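Paired with chain B in one complex and with chain C in the other, chain A is shared by the two complexes that follow.
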Partner chain A sequence: MIQTTEAKDQIRQYVLDEFAKTKGINQITDQEILTKNGIMDSMGIFRLVAFLEDTFKIRVGDEEITHDNLESVDAIERLVIAKSKK
Partner chain B sequence: MDFAWNDEQAAFRKEVLRFAKEELNDDIITRDKNEEFSRELWVKCAKFGIQGLPIPQEYGGGGADTLTTVGALEMLGYGCKDNGLIFSINAHMWSSEIPIWQFGTEEQKRKYLPGLVSGGLGLHAMTEPGSGSDAYSLKTRAERHGDCYVLNGSKTFSSNAPDADVTIVFANLDPSRGPNGVTAFLVDKGTPGFTVGKKLHKMGLRTSPMAEIYLQDCEIPVSHLLGKEFGGQAVFTSSMEWERICILASHLGAMQRIMETCTKYAKERKQFGEPIGKFPAINNKIAEMDIRLETGRLALYKAAWMKSQGRHPLREASIAKVYVSEACVQSCLDAIQIHGGYGYTTEYELERELRDAIAGTIYSGTSEIHRVIIANMQGL
Partner chain C sequence: MAYVLQQLLSRSAKKYPGKEAVWARGRSLTYRELEQRSNQLAHLLREQGVGKGDRVGLFFPKCVESIVSMLGVLKAGGVYVPLDPQAPADRVCYIIGNCGIRVLITNQEKRQALSPETLELLDCCISTDQPENGNSGRMIPWSDLAEFPADRAPNGTSIETDIAYILYTSGSTGRPKGVMLSHQNALTFVEWCAEEFQVRSGDKLSNHAPLHFDLSVFDVYNALEAGATVYLITEELALFPTSLAAFIQEKQITIWYSVPSALMLLLLHARLTPEKLASLRTILFAGEVFPMKYLRQLAEMAPQADLYNLYGPTETNVCTYYKVERERLASMDKLPIGIACANTDAFAVTDDGRIARVGESGELCVRGPAVTYGYWADVEKTRKMVVPNHFQENFEEKMYRTGDLVTVNEDGNFYFQGRRDSMIKSRGYRIELGEIESALLSHPGVKEAAVLAIPDEVVGNRIRAVISLNVADSLKPLDLQQHCSTKVPKYMIPEFIDFHGELPKTSTGKIDRVKLKEETMAVR
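What follows is the complex of A and B.
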């Protein structure tokens, strides 16, 4: 079973390292909308999905790759936890 | 890893090849010249089961997995010289059938899919005069008015538009959300305010119809929303992933057909007292064709296999798309060169193959955009 805090830490760190820092942003909140401030674009979303699938051993369906599911660290964590329970 | 087709797949590929060779090649030079789309051939393909290959059987499809579908389309491209017809089939499958299957409500699936797999024609309308590679900057607007959406805007480069029964229109429902406002809608043929504009003339793929589309106060019921409000990116991205994996499978077949044509010619054509295939200048070109074909197959099969496993092969699909499209263009150029003056004539059909092949480096994301995606996946 995936631990909530651990999952959130891993997601936050990945988003920071792979997307935010390359744009000069060194801190993000868990509620921050990632597409709104330019941290994440449509291609970045696919890298993120690949990371989630590899790290948490889940499969994210096409219909689940939506703005609502991936808009913030909190939302991503919710998706991961929900998927891992299935 | 296992690269062998199983008995069932091998038998089906053989049957597709037979069908394509026997049924789909009549008058192709004339139809290309006159820019004629053949609805008769379209229906033949549908009856054979091509258009329905990946769609579940409960909606009238064949229920084939991605790799089997790719294998069948490869044989279609091997046997059928009408690349425009095959392009139309691909546009139909990946940009209308698949999104309806993946994102449609049960009611929408039951309403549209049985018709689309059995001879109906669909498309999606995304590209606009001002938005191509930057697809989500589209200007077409959607507004919710009670139980309806009202669409206004225009689309271009819409393949299959002149003959389509249903069009998936992408429009922005809330421009303040930027790309996240994009939403997909199903628009039936004949809906007031939906007009197909002038037919576009093209360098290649001339047997595939293409036109502009105009939406003027086009009112559709809320039940015609495809996916969720503001969910257009998911619909489009999913559709493009399928398309980029599968659309060039037929190119592999065409590359094999062209290579075999060149090999036969190189054995028969004599210059300086010898078959030209004995000269390294010629046989090296054929060897390069074979290398491109084999490496292209590996790239495309891998992407299709990953999709079959439920994964998202964005990087692999882009690699396959760039590689196979550009390899096909090079093989066509080499084929013309091997045939010399004859290769430049319409009668030998290689100049048409080249004109058709060039489109592969442009549609479904240009080669340049796919290189951006590949670099982006490396974190650049």
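What follows is the complex of A and C.
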């Protein structure tokens, strides 16, 4: 069973290190819309999904790669928790 | 014949008043509404002192107000300058200063990003969302439009040779340059498209490209010309392939225009089926090379659609085109950029100044009414690129040197070979490597910088920088990426940064980029 806070920390750290920091953004909130202001680009989305699959041993289908599922750290965490319960 | 762009709207508004003109983020405007709002905005702008030739910046994410703003500025006699809502403030502030923008249409969030010095330059801002009470500086709420006459535009005397908009593209000397486009430049292209693609009032056009990108000229103005509907695809929607495919199907888009990498994203990740693309009758792409492998896949996914490869820099908009011949697709190994558009002359000039013969390589040069006057407030750069046509001996005529090397093959088509300089394409964005090098060199710890384009099948090129530092180990890649993020748009930030003791030099003392690139490619 995935620990919620731990998963969220991992996701937030990954998004910060991989996407936000290189673009001059050093802090993000868990509600921040990642697709706004170009934090995440189209290639980044697929790198993020690969990271989620590896880290949390889940499988994210193409049809699940949507704005609603990936728009913020909170949304990503919800997706991860939902997937890992299945 | 229309001779200024706003006439395209006014004519369609008379013919199709109740028809949907533009859709974005779940909201839409009919032709009547678009005509009336843009009339009102034009009056408001006039009241704020905007007159003939004055530049008005548009700095907010895509929405229906974007289109109202473009038309409103033109009706006031002004010139609109679309500013990339995702660009760093430093770059946007530079552009505002460079072309002397004094009135800015923006929203509260974007306005806050601007420097105090830049705000000082502005006479007023018009806000697409309501300003908060007590906001400093002049913010005119969008709702003020209602106080101005809707039934007619202010009296105007715009003519076709007036500038309609300025599009800023990457500049090799470290600062973006403003390409000036006249009404005539744009209409030459729009009229060719209307004829070639037979755009009709029943059509639904997608607008995938950002509005500061010249691909959007087709989406917006050809929709207006035909009385069709344009659907603005927001940055957020463009990121998610399955959502985007669903959008095409749900909205029954009939004409699609984007960079190839957007189509490749759909092919690779959207679980496409021919049903999802069944509404598309025409698919246009431009901005970079479409790999044949993926073009063949696209042709299979959309068997009913006409596919066109369009080619041309911002300075000419599209100047050549190739209609994909499906029967040749299997055997073709390289996609041509095709032949010149109507009312445009394109020819390849060899290094010794002759017209290239079949099979010979030369620089593609373009003349005709689609060609830009040049770059805003940069006579020197303009003189280099928009040059006298030396084939015309009896009077003075200009032509534009694209900097692209092409060959003409026996099939009569032009084929793109490469660049003369260090401009590259990544995800369809035009990038001057020199602009990135300038950004890196502006960091006090950097001694030398060379930026390399590493070819990539899906995105065209990825950006790698090789750096030598004043003090070894004093900086990390992330430090420099963050520094770049304050100077250049996100798509120009180097993805990889390598440190090098001293950069290798050529015999003339320049950084040896060829050698660096060979080393980099060998390591990978």
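One rule holds in what follows: the second predicted complex is superposed on the first by the 86 of 86 C-alpha atoms of A that agree within 3 Å, B and C clash if a C-alpha of one lies under 4 Å from a C-alpha of the other, contacts with A are read in each partner's own complex, and residues count from 1 in each chain.
We take it that a residue touches a chain if its C-beta (ideal position, glycine included) is under 8 Å from a C-beta of that chain, and two chains touch if they have at least 3 such contacts.
Just so it is clear, the model here is predicted, and its values are computed rather than measured.
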{"item": "Fit or clash between chain C and chain B when superposed on chain A", "value": "clash"}
{"item": "Contacts of A:Asp9 with chain B and chain C, given as first, second, both or neither", "value": "neither"}
{"item": "Partner chain(s) touched by A:Glu18 [first = chain B, second = chain C, both, neither]", "value": "first"}
{"item": "Touched partner set for A:Ile65, first chain B, second chain C, both or neither", "value": "both"}
{"item": "First (chain B), second (chain C), both or neither touched by A:Thr35", "value": "both"}
{"item": "Which of chain B and chain C A:Ala50 touches, first, second, both or neither", "value": "first"}
{"item": "Touching both chain C and chain B, counted on chain A across the two superposed complexes", "value": "22, 35, 42-43, 46, 62-63, 65-67"}
{"item": "Complex contacts: residues of chain C adjacent to chain A", "value": "86, 88, 235-243, 261, 265, 269-271, 427, 458-459, 478, 481-482, 485-486, 490-491, 493"}
{"item": "Chain A-facing residues of chain B, complex", "value": "102-103, 136, 178-180, 227-228, 230-231, 233-234, 237-238, 241, 310-312, 314, 372-373, 376-377, 379"}
{"item": "In the complex, chain A residues that touch chain C", "value": "21-25, 33, 35-38, 40-43, 45-46, 62-63, 65-67, 70-71"}
{"item": "Chain B-touching residues of chain A, taken from the complex the two chains share", "value": "18, 22, 35, 42-44, 46-47, 49-50, 53, 59-67"}
